[in-house]
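What follows is a set of structures for review.
Look for chain A in each of the two complexes below; its partner is chain B in the first and chain C in the second.
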Partner chain A sequence: MTTTLDRRSFLAATASGLAVAPALRAFAQGGLPMTPEPGAWKPTTCQGCTSWCATQIYVENGRATKVRGNPNSKVNGIHTCVRSHLSLQQVYDPDRIKVPMKRTNPKKGRGEDPGFVPIGWDEALDHIADSILDLRRNNETHKYVLWRGRYSYLRDIIYKNMTQIIGSPNGISHSAICAEAEKFGPFYTEGEWTYRQYDVANTNYVLLWGADPIAANRQVSFYSSVWGDLLDRASVAVIDPRLSASASKADEWLAVKPGEDGALAVAIAHTILVEGLWNREFVGDFVDGVNRFIPGRDVKEEDFEEKFTHGLVKWWNLELKDRTIEWSAKITELPADRIRSVAIGFAKAAPRAISWVGGGPVMQVRGAYNSMAAHALNGLVGSVDNVGGTMKGNKKFMDEWPDYKPFMDTIAEEGVSHKKIDQRGTKAFPALNEGKSGGGVVTNRCADAILAADPYDVKVAIGYFNNFAFSCPQSERWHRALARIPTVVHITTHASEFTWFADIVLPAANHMYEKWGLCPAMAGGYTHITLNQPVIEPLWDVKIDETEVPWLIGAKLAEKGFPNLLDYLKEIKDPQTGATPTDEREFALYALKHTTRVLWDPEKHQGGDPFEGWEDLRSTGVWNSDPYPFRGRWGKMKTKTGRFEFYSETLKAALVGHAEKHETDVDDILETAEYLARGEQAFVPHYEQPKVWGSPDEYPLLFVDYKSRLNREGRSANCTWYQDFKDLDPGDERWDDVAKLNPVDGEKLGIASGDRIRIVSPTGELECTAKLWEGARPGTVAKCYGQGHWAYGRVAARSFGSVPRGGNNNDILPADYDRLSGSSAFYGITRVKVTKI
Partner chain B sequence: MKPDQRISRREMLGATAASVAGGAVMMTGCSPAGERVASESLKGKKFAMVIDLQRCTGCGGCSLACKIENNTPDGVFWSNKLTQTYGTYPNVNFEYVPTLCNHCESAPCVQVCPTAAMHCADAGIVNHDSEICIGCKACAVACPYDAIYVNDEKPHAFWRDERSALNGMTSSAMEVTLRVNGRELPYYNGDRDRDTPGTAIRSKGVPEKCNFCLHRLRRGQLPACVEACPCNARIFGDLNDPNSAVSRLLGRYRPSRLKEHLGTSPKVFYIRSYNRGAYESTKGTV
Partner chain C sequence: MFTVTAAERAEAYRLLSLCFHPPDERLLEALRETEVTWLRPAVDPVLTELRKDFAQLFVGPFMVPAPPYGSVYLESGRRVCGDSTMEVMAHYREEGLDLALKEPADHVAVELEYMYLLAVREMTAVAAGDEAGAAGYLAKQRDFLLRHLGAWVPMLRDRIVESARTGFYRRLARNADSFIRADLDASAAPRPDRSPRFA
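So, the complex of A and B:
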């Protein structure tokens, strides 16, 4: 029972409660010395989303009670968003797995009870090591896969180095279900495969493409702290098919027809040129100063002299000259005058104008070109790398890991020579990360690859900090694929949907309270590197996924005659003493000290905050970079031309390279990868008609997926606070999962708020509650991702292991891709029908 | 349990017309003479909160921080909100107004309390004393802002559950609490008890509400919601100090208060607009 002294017992205990209580109060309040603070704030990192805020946890007698921002961070400082507080209910969630588990029911399926039984770490590791050694005996180590979900920057130990030493090419990240397409536009225009930071302190116009920075990824804490001031100074326009939190505070909300963002972006570019509002300092000008960008007319390249950009006239001639506002208005179903007003307002603020590209317009089939088009607007107005504009991350420093290659034997070397399991780099999946064919990941394709045994079958898979059986579109394929793998290991805090298909389950340390790690993040002109730290003793018999588990597997493999992994890990020593780690705990700490040495060792310091030593960094919790050097990249971008490319020579080289690899031409690649452009148009940002699943006759409504502001990446639905505060998402309801329809559509369909409904797409269906809401665009169904767990815990699921609470959007999203970036499509991808249950 | 109370925008904003300029209000309930428990550091102060709606992003960080600071159970929202979606697509918007106990100068809850359990404490804060409360709930009925909650049951039943999802492999809620030496909750915050014993968690039948985190104020700390607001949308301070941030803001922006026509004279003020945004100048048409 609890030890709480309730009111009744307190009164009884004090015999004459009324008389005694005031005396106690007088002691506490009457100016007598107060009790000292019972606890202390300890630094760590919140990875509830990829903002990766530096936080502090108040710990009292070993117990965590509060969360706040770490004032030492120049990125988020004292500010921390609503999600961070939910972490207390995650770490203390009774549904956390507390011991290793083993499956006893060999039959795997969504409706099958795995029959988990508790086992010891030794037995679990035996099973894992034996499975790996079987692969080695049969020279098929490539049939081992490591799936990485969320991670810290200690990730490479388990993801890359361990995988390679075992002998597999298959370190497969989650990145393609995150936002790789967001990086595509910046890379093929300015040579940076990265997210951006934005100089909101100095900007005068913010154009948000599906981004909702005061509610969802990224740097929500930072942007929340400055948004009120931003609104005083800057105009904000939001392009989003549903009324988002950011839209509710904006000057303009443009509820674009889902999937048609590209038509808006090129029309804005067209207008900027026709109106002569491009930034001359960055882009250049006509030789004679006369604007020849006249709708429908070609321009001679020699008439325009570019400065820091490349291919503006080509872009105009190939794409923009006919992309008028009137054309765009028909496609986007937005009023022409509103488009014009936004285009001109944005351009007149140049160069202090930000085109802020979120996931919505780009994580679509063919979204790569939307990413280029929307990002290219920053080039037109000269805001790239400029005050009041867009920035990449600041220079940051981490020490390299010791080379693992000497620890790979011939079996491993043969193993890693195989193709990766996710079909990246195949003709249909260029995945052109950083210009390389197959340079990027196609996370969600793994399920199909396994089901088709193409390129081969998988025999041993380890997943950590992931839940692809829930978080990947058309997740049912994952259920079937995982059921085919003889040994599935899941390193996880909770028994999630992925866990349901696991043979061995390893209980993971909570990333924010029980783990060593490090996370870089950027905002407001700074990058910080913030440490994940074990601020409390682990609650249960859990281990750290990225460090302790590889050590334990390495030790077990060594015990069974394969010492290479353990020998390699022992190369990572304590940089302070030179000591070799003797157990998993020491290894985890030494690994972090090793990779952060360049931050804390005064003799190795290369920039940013200086520290006196490891303990100084550890107790501070976070390192900050030097300030951002604006305009440092003008004229020396990492593109083929060194310039900002409106005609992307960089993309051309990548596409040609991919075509040559497959002995064909670029047009054939585009057709195979389901793009519509042919010829030169493929190398400029352009409009592609979206590929949308389902016919309008059968599926009359377009589905709009978006992320709840309470989502800790799909892992917080088991917190009662998540459910109790679900109405913080505009239009949503507490303890429910509602799909929002415009009242006009509700009337047509005979559906009222509160009705139970079934949403059916060409590939699946889900059940949830209807909500008629004016913030939903007519003709659409808008629904948060986050609910619909049938596992994960007893709050997240209506009945744990079987009945979901609400519906998972991934049950109706088809598995389809923006193949140039490898990204899964989440937005503008499918039509649905809605029926009352 | 109460859902968040929704009042119409008309009701809310119309009600504020009287505003501060409304002048004299009944001065009962929270006059200084009503203070019973003096803290030297708070003497002579009159605390108020200004909520800058332009800065507010409707994130609810205030409410989560409040919940954690004060160990309130699910369904109890000392820090709460009024939300409304108004207009018709495409001319539609969403508004979020954070709410909490208004610490009225003329507090109906104080006036109706038969035992003076609901009383005016330090610095004009409306506070509740569970020791002399008889649980009649008159305060909750009288509050025009639905800011007072009464637990129908012993709170935090979730954390008394002794069942587990996977026997021997996951824990029960109670097991977690006991393992970490929490009290009723694993993340139980004892700060209130250290200030005033017995106040950290309210029992069944006992009213509970915001008291501006009086236990924190006495230690020189801001209320938890103010400290936690990532937007700096909550500004706290002393109305008696003409140089305090709240005094300066109230003199600069014409504030509004909820249901001002009732004469309760709230000490939670709102400035600026949640839906900031420009529009093209027009005289309209006939």
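So, the complex of A and C:
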């Protein structure tokens, strides 16, 4: 078309009536004009990893432009890490989900475009409510599943309370693909199922096991801010098969053979005892003061008098006496003198010495015992709960939710009595969270359970803040499992691989900019509770996953004759006025005010920072605990003996309990769950030969997975800054996904930097670019997790729907488990072969 | 080549704006009845197909091949709510306008409706004998086209033409671009500078 516009004819026609009342759609008719707003720092929370830093966002004229730490936090203060800034590109990403959508292609599969079309919230909620009511009509409400990925502490409303009122036992969390095995060691030694904080300000030695605190989890902002001082004062040794950011700045880098961390831990323990370097104040001593820990020789229990620990001599006799440095050097393929210097250096710094256990050595098949072995070193040097050592979280306070049980009817009560879908607590999956058989989750097992309809099939599933179809090992199983579920709802900011299999997509508020929530986090001797706050008006028609969506579902169910959920949610009132919420927005705010009342209401205050009222807490953005009470738990630990257990009576009770439940003995359980220990050895930290998939002949290289420092838990690959700065991960390249091989291996295989390669494991394969790099241990392939999306946006995928940008590590990692903790194994799990394409 | 009247010009901006909203029966009816004949679809479109195409082009969910937001084209970093968006908001504020659409201020439908409003206000001023006022509105339209809408619609057109699955949106993209270009020519303005300037 060619058009000439003649302005004179235009002016001649101005008398036309058209000009009188303009018909508006994008602008408000007679609305109030927007007024300019001066810039201000507004408090919220960053959940780009589980550091959960208190942050502030600079907002000007309604637009967020800058991020910094919240100076009111005693955990991270004004510091914030590099990836927090990527959040600006996440919230303002044009590829975000903007309105509810529904699937138009009934076929589900990797190759089937879902054909999503926009619908209104009402239609979306109709669909969801009808699906739930169908389950209720057929008395099969247990076939409803709520999958939780990341969350704030408003989580229980959607995860537990709503799920139970609907009548399902299936609130299933992501925890087992996070780092549950990291909590296993501390629980079965000192009785705390939790992550730890570390007194880096007062320590003299840090032994990092696969942890990379200046790049990845946890408290990266805090540790980055103090790491320079730490390096000036203390020694840092890093155990990691690849050169991590922390390793690149450390005094010692021990490139252990993947999977063999346990052999190093027990040898360090052996050396500490043989050299007489254990901490007498915490552990105790031989009655006559003569060290009888002589390699290869048993010690009599009555010769040693323990103080705050239990079972040291048993540990020595059952495990440690033969675990010499020379034995360890053969297995770990580390030089004996280096092992010795680290063991002695660590022990001589006692009790100001930290054995810092990250995910690497423990999120392995059989990793539970590595977790115990590496953490038990803290017991030997007396750094547990001590100055310059390891701490648990400080005491924190939150108000309980009103009891939901009165709102469960007989259908719901019958529904929740069914087993959970993830096979937790079955004979092969003890998942001994906090000592209970089936106390923990086995997230990745859900896919197999659904495919086998064991214990039953799933008919309605809601996932939020998750992407299990990408983030779980052997993720292809999830594609098939999700395709089997008749109604899949995904509440998410971005359409991911999980969304691909959804029937209804609900646009979620961004956690850092558009949501009410609260997050506790700890570091440096304090715990803070920081609020997620809507610091900007959302651009699109999004709702808050944990509060607004349950309210809307409740309202829709009530409209269709099932009022229980809405009636329950109305019990959560505004603590200031007593008002009952009338819509989803009020409910979200009241819920947060309710659960934080114990922090902001002077009459309810129990500790930590005092506040004058809700507005005081809201504008400050964060509550800080009282300082950490060192040594408060010595002699009062929550173990069976009240002591730090080198011989774990607590684990023994848990294993016996699980065995009795299945009418068998502990050895049978260990065999079924694929552990090698038998008899008493099962109750002490010990070395287990790792279970590695693939034969060395067919698959000559060991695969080393790790996480990008820019990942924001895998949600940032669609940010151009993620791609622009990808080389912040040591060895990586911008706008690419590289697998790193040692130059020695590159030469052997005829592979050069820049070659396109295929990595094949026994369960899958991926394609990416090769990079020869000395930071990869010879005999391994090291590759960062994060790239490889075929969905998630225009930048994240090279060609949407078909060609990913690089490869997803989970395509080659087999679905296997550390069954005692329920954890998925990510590390030391598989061998691979690499070929040039 | 043909000449459009003033009323048609305002009407064209209004209808072009409507075309960048989610398609519905009302839109099809408006297009069937409009006197802006070049906006009439060549063949009667199937609404379900239009809805799917609109979604995959401008809404998502997996990626948006033709983001309908100015900042994506005028700035680096591929994001919404950039400096250029703030500048657009300032334009609206100056006219005493408030957004009713749950979208960033530089959504193509909003910018087109803004042009429609300015055109209407120019006509109203002329009708009231306010020559200075009319000249002011004319200048505002030219500035807005040069610095915003006219500067990025050619790039939006290319993205739509490349990714549209219906003739309707391909034709719409070409028509919108040609119309805006012609409108700029008619106001005897220099060509818009298409290099990013808000980086």
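Quick note on the criterion: the second predicted complex is superposed on the first by the 799 of 837 C-alpha atoms of A that agree within 3 Å, B and C clash if a C-alpha of one lies under 4 Å from a C-alpha of the other, contacts with A are read in each partner's own complex, and residues count from 1 in each chain.
Definition applied: a contact is a pair of C-beta atoms (placed from the backbone, for glycine too) under 8 Å apart; a residue touches a chain by one contact, two chains touch by 3 or more.
As the structure is a computational prediction, the values presented were derived from the model and not from experiment.
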Which superposed partner A:Trp721 touches (first chain B, second chain C, both, neither) | both
Specify the partner with more touching residues on chain A, choosing between chain B and chain C.
-> B
Check whether A:Asp95 is in contact with chain B, with chain C, with both or with neither, and answer first, second, both or neither.
-> both
Kindly classify A:Gly578 by the partners it touches after superposition: chain B alone (first), chain C alone (second), both, or neither?
-> neither
Would you check which partner chain A:Pro106 touches, where first means chain B only, second means chain C only, and both and neither mean what they say?
-> neither
Which of chain B and chain C A:Gly775 touches, first, second, both or neither | first
Could you look at A:Gly561 and tell me whether it touches chain B, chain C, both or neither (first, second, both, neither)?
-> neither
Examine A:Gly750 and indicate which partner it touches, taking first as chain B and second as chain C; both and neither are also allowed.
-> neither
Could you tell me if A:Gly289 is touching chain B, chain C, both of them or neither one (first, second, both, neither)?
-> neither
Given the touch rule stated above, what does A:Thr499 touch, chain B (first), chain C (second), both, or neither?
-> second
Same chain A residues contacting chain B and chain C, which ones?
-> 1-7, 10-11, 18, 24-25, 28-29, 31, 34-35, 61, 63-64, 88-89, 92-99, 101, 116-118, 495, 539-540, 720-721, 793-794, 800
Contacting residues of chain C [partner chain A, same complex] = 1-7, 9-11, 14, 17-18, 21-22, 38, 51-52, 54-55, 59-65, 67, 69, 72, 76-82, 85-86, 89-90, 92-93, 95-104, 107, 109-110, 113-114, 116-117, 120-124, 126-127, 134, 138, 174-175, 178-179, 182-183, 185-187
Complex contacts: residues of chain A adjacent to chain B | 1-8, 10-11, 17-18, 21, 24-25, 28-31, 34-35, 38, 60-69, 79-82, 85-86, 88-89, 92-99, 101, 116-118, 214-215, 220-221, 224-225, 227-229, 231-232, 235-236, 243, 245, 248-253, 255, 341, 495, 536, 539-540, 709, 720-721, 724-725, 727-728, 730-731, 734, 742, 744, 773-778, 793-794, 800
Can you list the residues on chain A that touch chain C in the complex?
-> 1-7, 9-16, 18-20, 22-29, 31-36, 61, 63-64, 88-89, 92-99, 101, 104, 115-118, 494-495, 499-500, 505, 538-541, 720-721, 791-795, 797, 800-801
Interface residues, chain B side, partner chain A - complex | 3-4, 37, 39-40, 52, 54-61, 63-65, 67-69, 74-75, 83, 85, 87-90, 92-96, 130-132, 154, 158-161, 164-166, 168-184, 186-190, 194-198, 201, 203, 206, 218-219, 227-228, 230-233, 274-280
